[in-house]
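In this document, chain identifiers A, B, C, D, E and F correspond to the written order of the chains, with residue numbering beginning at 1 in each.
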Amino acid sequence: MKKIEAFIRHEAFEPIRMELMGLGFPSLSISEVKGSGRQKGITERYRGAELTNWLRPKVKLECVVASHDVQTVVDAILKHARTGQIGDGKVFVMPVEEAYRIRTGESGEETLQAHPEVAAQATA
Amino acid sequence: MRRIGTALLGVALASAVLPAAAHADTLDAAGNGVLPDSVAINSIWVMVAALLVIFMQAGFAFLEIGFSRAKNAGTVVAKILTNFSIAGLMYWACGFAFAFGVGDLMGTDGFFLRAYGDPLEAFPVMGLSDATIETKWMFQFSFCAVSLAIVWGTTLERIKFGVYVIYAVVFAGLIYPIASHWVFGGGWLQNNLGMQDFAGSTAVHLIGATGALAVLLQLGARRGKYGSDGSPRAIPGHSMPFFGLGVLILWLGWFGFNPGSTLGALDGRFPEVALVTMLAAGAGVLASIATARWKTGTIDIGMAGNGAIGALVAITAPSGYVEPWTAPIIGAIAGVIVPLGVYAIDKKIDDPVGALTAHGLCGVWGTLACGIFTSPRLAEYNAFGDPGLIYTGSFGQLGTQALGVVTVFAFVFTLSYLTFFAIKKTYGLRVTADEEEAGLDISEHGMYGYPEQFIPAPELIGYSPAPGNVPPRETPRGATTKEVPVA
Amino acid sequence: MRRIGTALLGVALASAVLPAAAHADTLDAAGNGVLPDSVAINSIWVMVAALLVIFMQAGFAFLEIGFSRAKNAGTVVAKILTNFSIAGLMYWACGFAFAFGVGDLMGTDGFFLRAYGDPLEAFPVMGLSDATIETKWMFQFSFCAVSLAIVWGTTLERIKFGVYVIYAVVFAGLIYPIASHWVFGGGWLQNNLGMQDFAGSTAVHLIGATGALAVLLQLGARRGKYGSDGSPRAIPGHSMPFFGLGVLILWLGWFGFNPGSTLGALDGRFPEVALVTMLAAGAGVLASIATARWKTGTIDIGMAGNGAIGALVAITAPSGYVEPWTAPIIGAIAGVIVPLGVYAIDKKIDDPVGALTAHGLCGVWGTLACGIFTSPRLAEYNAFGDPGLIYTGSFGQLGTQALGVVTVFAFVFTLSYLTFFAIKKTYGLRVTADEEEAGLDISEHGMYGYPEQFIPAPELIGYSPAPGNVPPRETPRGATTKEVPVA
Amino acid sequence: MRRIGTALLGVALASAVLPAAAHADTLDAAGNGVLPDSVAINSIWVMVAALLVIFMQAGFAFLEIGFSRAKNAGTVVAKILTNFSIAGLMYWACGFAFAFGVGDLMGTDGFFLRAYGDPLEAFPVMGLSDATIETKWMFQFSFCAVSLAIVWGTTLERIKFGVYVIYAVVFAGLIYPIASHWVFGGGWLQNNLGMQDFAGSTAVHLIGATGALAVLLQLGARRGKYGSDGSPRAIPGHSMPFFGLGVLILWLGWFGFNPGSTLGALDGRFPEVALVTMLAAGAGVLASIATARWKTGTIDIGMAGNGAIGALVAITAPSGYVEPWTAPIIGAIAGVIVPLGVYAIDKKIDDPVGALTAHGLCGVWGTLACGIFTSPRLAEYNAFGDPGLIYTGSFGQLGTQALGVVTVFAFVFTLSYLTFFAIKKTYGLRVTADEEEAGLDISEHGMYGYPEQFIPAPELIGYSPAPGNVPPRETPRGATTKEVPVA
Amino acid sequence: MKKIEAFIRHEAFEPIRMELMGLGFPSLSISEVKGSGRQKGITERYRGAELTNWLRPKVKLECVVASHDVQTVVDAILKHARTGQIGDGKVFVMPVEEAYRIRTGESGEETLQAHPEVAAQATA
Amino acid sequence: MKKIEAFIRHEAFEPIRMELMGLGFPSLSISEVKGSGRQKGITERYRGAELTNWLRPKVKLECVVASHDVQTVVDAILKHARTGQIGDGKVFVMPVEEAYRIRTGESGEETLQAHPEVAAQATA
């Protein structure tokens, strides 16, 4: 099992979510982060004083999938998150040793996501 | 045209479409230049006061919003608008007539503010002022709306929206008008017993708080308010600034609430009433902060505000009957009652904003305070009841006040309890556990009160820009930039 | 000293520094004790009304803030302050003179409120009231500022700040004064055709909404408002409580807007106008909620508020012409128009706050309503036009109203469209895509409206405390602590 | 009963419980119908003005809240309620007597508003108006409360709550009354030197700002305000919308502040004062935006608001002395002063809201402006001092104004500095570094102003539902759902 | 050392925190996330337009513990986070190679948590 | 490649960010978390009722770097985040198997950060 962590633009999330759901990966989490990278800093002003903010709001997407699904998910992300301009973000893949579905207590890969056909209906 | 009317507002309206007797009277008088200046002078002040009281709707809204969690903030807005609207139409249709028409038990003239003949005779208790009848309606309606707003303080974060609508119709059309008629509409408590309630500690605030108790007992506490062991939990509201806005607006509104109850300006009484109101409120804040500090060790922001409200409620009845020097005393006692009452009540029932204490207990205290502090000159001037205990040494007036309180409470509680009981059995009072957890905004209104807090970039949901039309990215004008070249 | 003046305000001001004829008149009269009480009485009420309308600026600000995303909240504050200021100076310099001076097409006296001789003759349409001219200026200026505020409702979250400034000068100095002059400033629509618009459904609200349409057509929708398939997306505002605050303040302000349009108190008319206003607004809220519920299945908070606004706009023109019983009808119809209008318009053009519907469509409906419901006694009293359809059976007045609406719309739309076209070609109307995405607060004003939401601990950016001066860490007083010893 | 009084308010109150001479007078007059209409007319306007000024408390609260970080938002609410309350009680006990009684240095009559005999003789400087004494008290008290509110602008986010309480007693009971007595209470600066300050640029705003400076010098800057190198850092407030709300409320309140200072309506002066106030404020906003834009390149939202405040402060003294055409000049100059003053002061001392500039520098400018622009007719009418430089060519009045400013500053600064010094040595002025970092809400009040922002699901802390009573989960009514079956 | 990441309901957190502290695991972090999974989407309405929100607010719990403690912590989470209904969430276990306690600079397993008995007192 | 996760005080972030940028590590992400550890709980009061809040606001810093850069970054964090008092926080190092730069689609270590010299200018 692998965890895919992607730092993306806000507007990239929804297309990614839709595609992933269609592909049978409905299960994921996102959170608001602030990131710095190659993107420019913004100089803000307040009552005369200046402050340069090097951080830009980004969305962090976390999705744990079976190892053999990693490429599918990464590709979906790269496809939609890309504008070709600085600030598009990064995708990281990390190992996961165990996973549990709390509701049932089951563990293992099959707990991670729904089955494709199921998801297919879902988006119908 | 009669048809339009009926079609739209039902048979009841029929009476409304007769020639506009009263309105026309004023107009004719004005036309013939025989409308005395005094009408305009008194009407201006009472109208200003009415508008200040109307503004209190915003005060109640933000007091409640501040004490709610963010997921329940929006529904308060819809609630206040709906209730204010229903109150207006019902009070016009029948409320005002029941409340201020002639009769020991209830008035019977002036439905839709029509066909009542001479206003000074039709609504005798307000006869001392020649302000126009529409002015008096605006002022009295604003009181009804305040009383109704008080009812909902105990019901935040779990009540079904429809309950507001149903009860508002009954309350503004029947319960409030009758009960307030008894106390200051020329009814039996006032005329026959000489009960004193200048601006409505009982007639407005206690009535509202009684309704609030009636619904709370059948509604129950919010999920999570009491642990498995029954101990109360804190469910902090989401915004003290909004709470503060509410309190400050209410305080301002009270300068219309009490001084406006003179129903005129020409007797020069209203500024003194304003002074009395200010002194009581100030003492209430300080006493409440001190009491809370003594009990819990912190300077409780909420208690400071509740203390102001409690003291203002308490001074409402006496404001036109007592000397200024008694105001800080009356207010300070209310300020002590507030935290103690809130802590005590919170142990058993879930009153998120402290309405039962601020409007209920303090309303009772204020009404009784007349029996203690009413001054001879003002009892005489207002021509209801006798001076208070400290002047007469007699408990007579105090007894009358107590009787009035008990009667009004019993009457309003019974009718309200029955109304809510009927609602509970039919439509239901409370949302489901899931809806409560999701919050009323999303479950009752289909959208959060603060969408961005709950939906990531909501405007982008289901939105995929056509590859072509991604616009060129430039640098924000307001921003100077430092380039970090790509490696 | 003339030099100071010119240096600072330009040649135009020259006229302003002549001896203060009119102001002095009032003063002399007062000095010689010959200033009748009626002047003070009427002036007090009209001034109170003017201040209530001025407070509506806060209402518009928070209605817009609530309906904006958090990243565009601050700019509204700067906008409202700037526009209100420009409106004041322009309306003083020439707006008032154009609007209320003598003339079928436009007035020509009273620039800088100077050298107009006898105010009652110089501004005849307001002659029925002897309130001081400065009082009347305050009241009429507050209307101009409201009309201007309405314009911007359609432009949120993407317009360049400078556009506000440029258009405000033209609007408050020329467009509004001339158009409003025709309708209620003594111009041809009012005097020659007998158009009825008591407080400005057309003269204030439709004019503002027309400007709003003119700019929207050239500005376009917000990014993300319409998907690649052209279907509309929801772009929820960030705060329903702020929206609610705006609505409640506007509602309050309307009790100055309509009843103040009596321009005096001594005829005892203003309280009746207030009653009419309240009844219409209440019906509007309920009708709007019902309609939205029927269409979408939820109790829409925004629609409840828009319904109030729409009904208040609709009752504005008739408020001084109709009997109270018609008010709920007029308001309820507006309440139905609001959701339907918003849904329909939203399909094609992006009007974030629903200004086109609430101020435009409802403004038209309200103006036409006079043609239907104006009562004989009030048509006669106001001395403009004839009673409405239901009394006369004739469509005459309705036709006049319709003609007035069309004329005003055409005139204002043309001038506004040209003005915005010129701005677009020169300065530009819209920020860049990046600026829009970053939000107007940061891109136009260099700082977020809610900095903490976007900057982590902003005060610490670029801040490294000298190792020495790290202060001792103690335990917050307010907090009792439980020690967890270090392992 | 004397015992009750004393027990509660101490010996000082004794005087308060004598028969209510003055209040009774008004009442008798009214009873015998010999209370002239003029009393009611003047009282109505002044009361309306007083309430507008009282509302300014909300304005100051939200201006400060907006400029504070979220962790310090709630304490402002408790602060404003406490200070307003103390001001009310102290000004009743002795403030009003000191400020408006007879005497060059200070008044000595009217403690607890009692036993002063004929109000027109007891408080001669207000004799030109026959508004009731309670009306005048409400108005003057509201000024005292404003002046006190101004003091705290410099102390946000680090001061100990108790300091508010202690200083408020001294300020409202002694410092403000005496200083304001000199300037517009009939004291030596006004009566003997002919200093002109119509509504208090010096008597209210400069006094407040002087207290603000005295405390700031001993309190020091917020942590993180100045880097190790001493360079100033931005510490942005958390809400521009709240800031905007504050500014708009203050602006509205100023239409009571200045026009109400006519203390009556019958001379027809108040509308002109309102006009003058509006013109100055408008010019101030535009000049301030322009100056900030020129200096920093952005349209600074905060400066737009501060510009309005600064201009309103500046026009306060001249508002009753100058011709309308001078208002935009006076306001515009204040608008230029504001950003320059803020930037300059920010380099050295930490004034989060810019109170020193807006109320201090602009208060000085406004006071001096009288010496330049006061018109002959108004100098004569108000009967204090001479016309200004541009009319007389003489620097006499300007000198008087300057002397007044210096005297008042020196007096207030000395007393305030000593008071705060004493507090610092005993109770302490400032919270600990940890408390400051945690925020005043949690450390001084034991709860955050926005709990949800700091505590995750606070109502659930320490809450474990008994396995049994987990309620059934249903689907929120407001929500239609799309099932995703379990794999 | 392992990192345990759990996506849970808000109301599940407090019981978990209390049990973990009792067990000697006082050290953890949480953050607000929005998640999508098998749970239903909510259709929201705004001025007529509809938008389906597939994301639900969840709490993300992060806790790094010694390898031999993983099961204890996971069990505590499963025990309290479980309502048996869709939306209960997931628990993931991931490898951690090194850990430092900033205050002291020490590294290694012992920096991770307090000792049981210590914690015991703490909750007393 | 490794991912460094640090839980630190707010005021520690800015100095760390500046040093990392100077060292050629401009790319990182932060988010707001609430943490519990050895730090004391704060007892809050609301209308009489008490609640003890065991959680303190912290900043979570995430930075993925090449394995040979880990020590440099960790040291920078330890250096600035340390006050010596309880509540300073922790730093964790975790394995990352793959990284992609969305903008270009490239993967591998070189996508992670800017080059030192580049960054050097950046801070100039």
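Heads up, the rule we're going with is that a residue touches a chain if its C-beta (ideal position, glycine included) is under 8 Å from a C-beta of that chain, and two chains touch if they have at least 3 such contacts.
Since this is a predicted model, take the numbers as computed values, not measurements.
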**OP:** With over half of the numbers shared counting as same, classify the chain C/chain D interface as same or different.
**Re:** different
Original post:
In terms of C-beta pairs in contact, which of C-E and B-D ranks higher?
Top reply: B-D
**OP:** Mind checking the centre-to-centre distance between chain B and chain E? Centres are C-alpha means, answer in whole Å.
**Re:** 45
Subject >> chain B and chain C, separation of their C-alpha mean positions in angstrom >> reply: 29
Original post:
In whole angstrom, how far does the Cα centroid of chain A sit from the Cα centroid of chain F?
Top reply: 19
Subject >> Overlap residues in chain C, where contacts from two or more other chains coincide >> reply: 37, 41, 44, 48, 224, 233-236, 245, 296-298, 300, 438, 442, 444-448, 451, 455-456, 458, 460-465, 473, 475-476, 478-479, 482-484, 486-487
**OP:** Give me the residues of chain F that touch two or more other chains.
**Re:** 11, 26, 30-32, 34, 38, 42-46, 51-52, 55, 83, 85-86, 94-95, 114
**OP:** Using the touch rule from the top, collect the residues of chain B that touch chain C in their complex.
**Re:** 1, 4-5, 8-9, 13, 16-17, 20, 23-24, 26-27, 29-31, 35, 37, 39-41, 43-44, 47-48, 50-51, 54-55, 57-58, 61-62, 65, 73-78, 80-82, 84-89, 92, 112-113, 131-132, 134-135, 137-138, 141, 161, 242, 245, 298, 441, 444-452, 455, 458-466, 469, 471-479
Original post:
Of all residues in chain F, which touch chain D in the complex?
Top reply: 11, 34, 42-46, 51-53, 55, 57
Subject >> Residues of chain B touching chain E in the complex >> reply: 224, 437-438, 442, 446-448, 451, 454-456, 458, 461-462
Original post:
Tell me, which parts of chain F touch chain A in their complex?
Top reply: 1, 3, 17, 21, 26-31, 62, 64, 94-103, 105, 111-112, 114
Subject >> chain D residues touching chain A - in the complex, by the definition given at the top >> reply: 232-236, 295-298, 300, 302-303, 339, 342-343, 346, 354, 482-485, 487
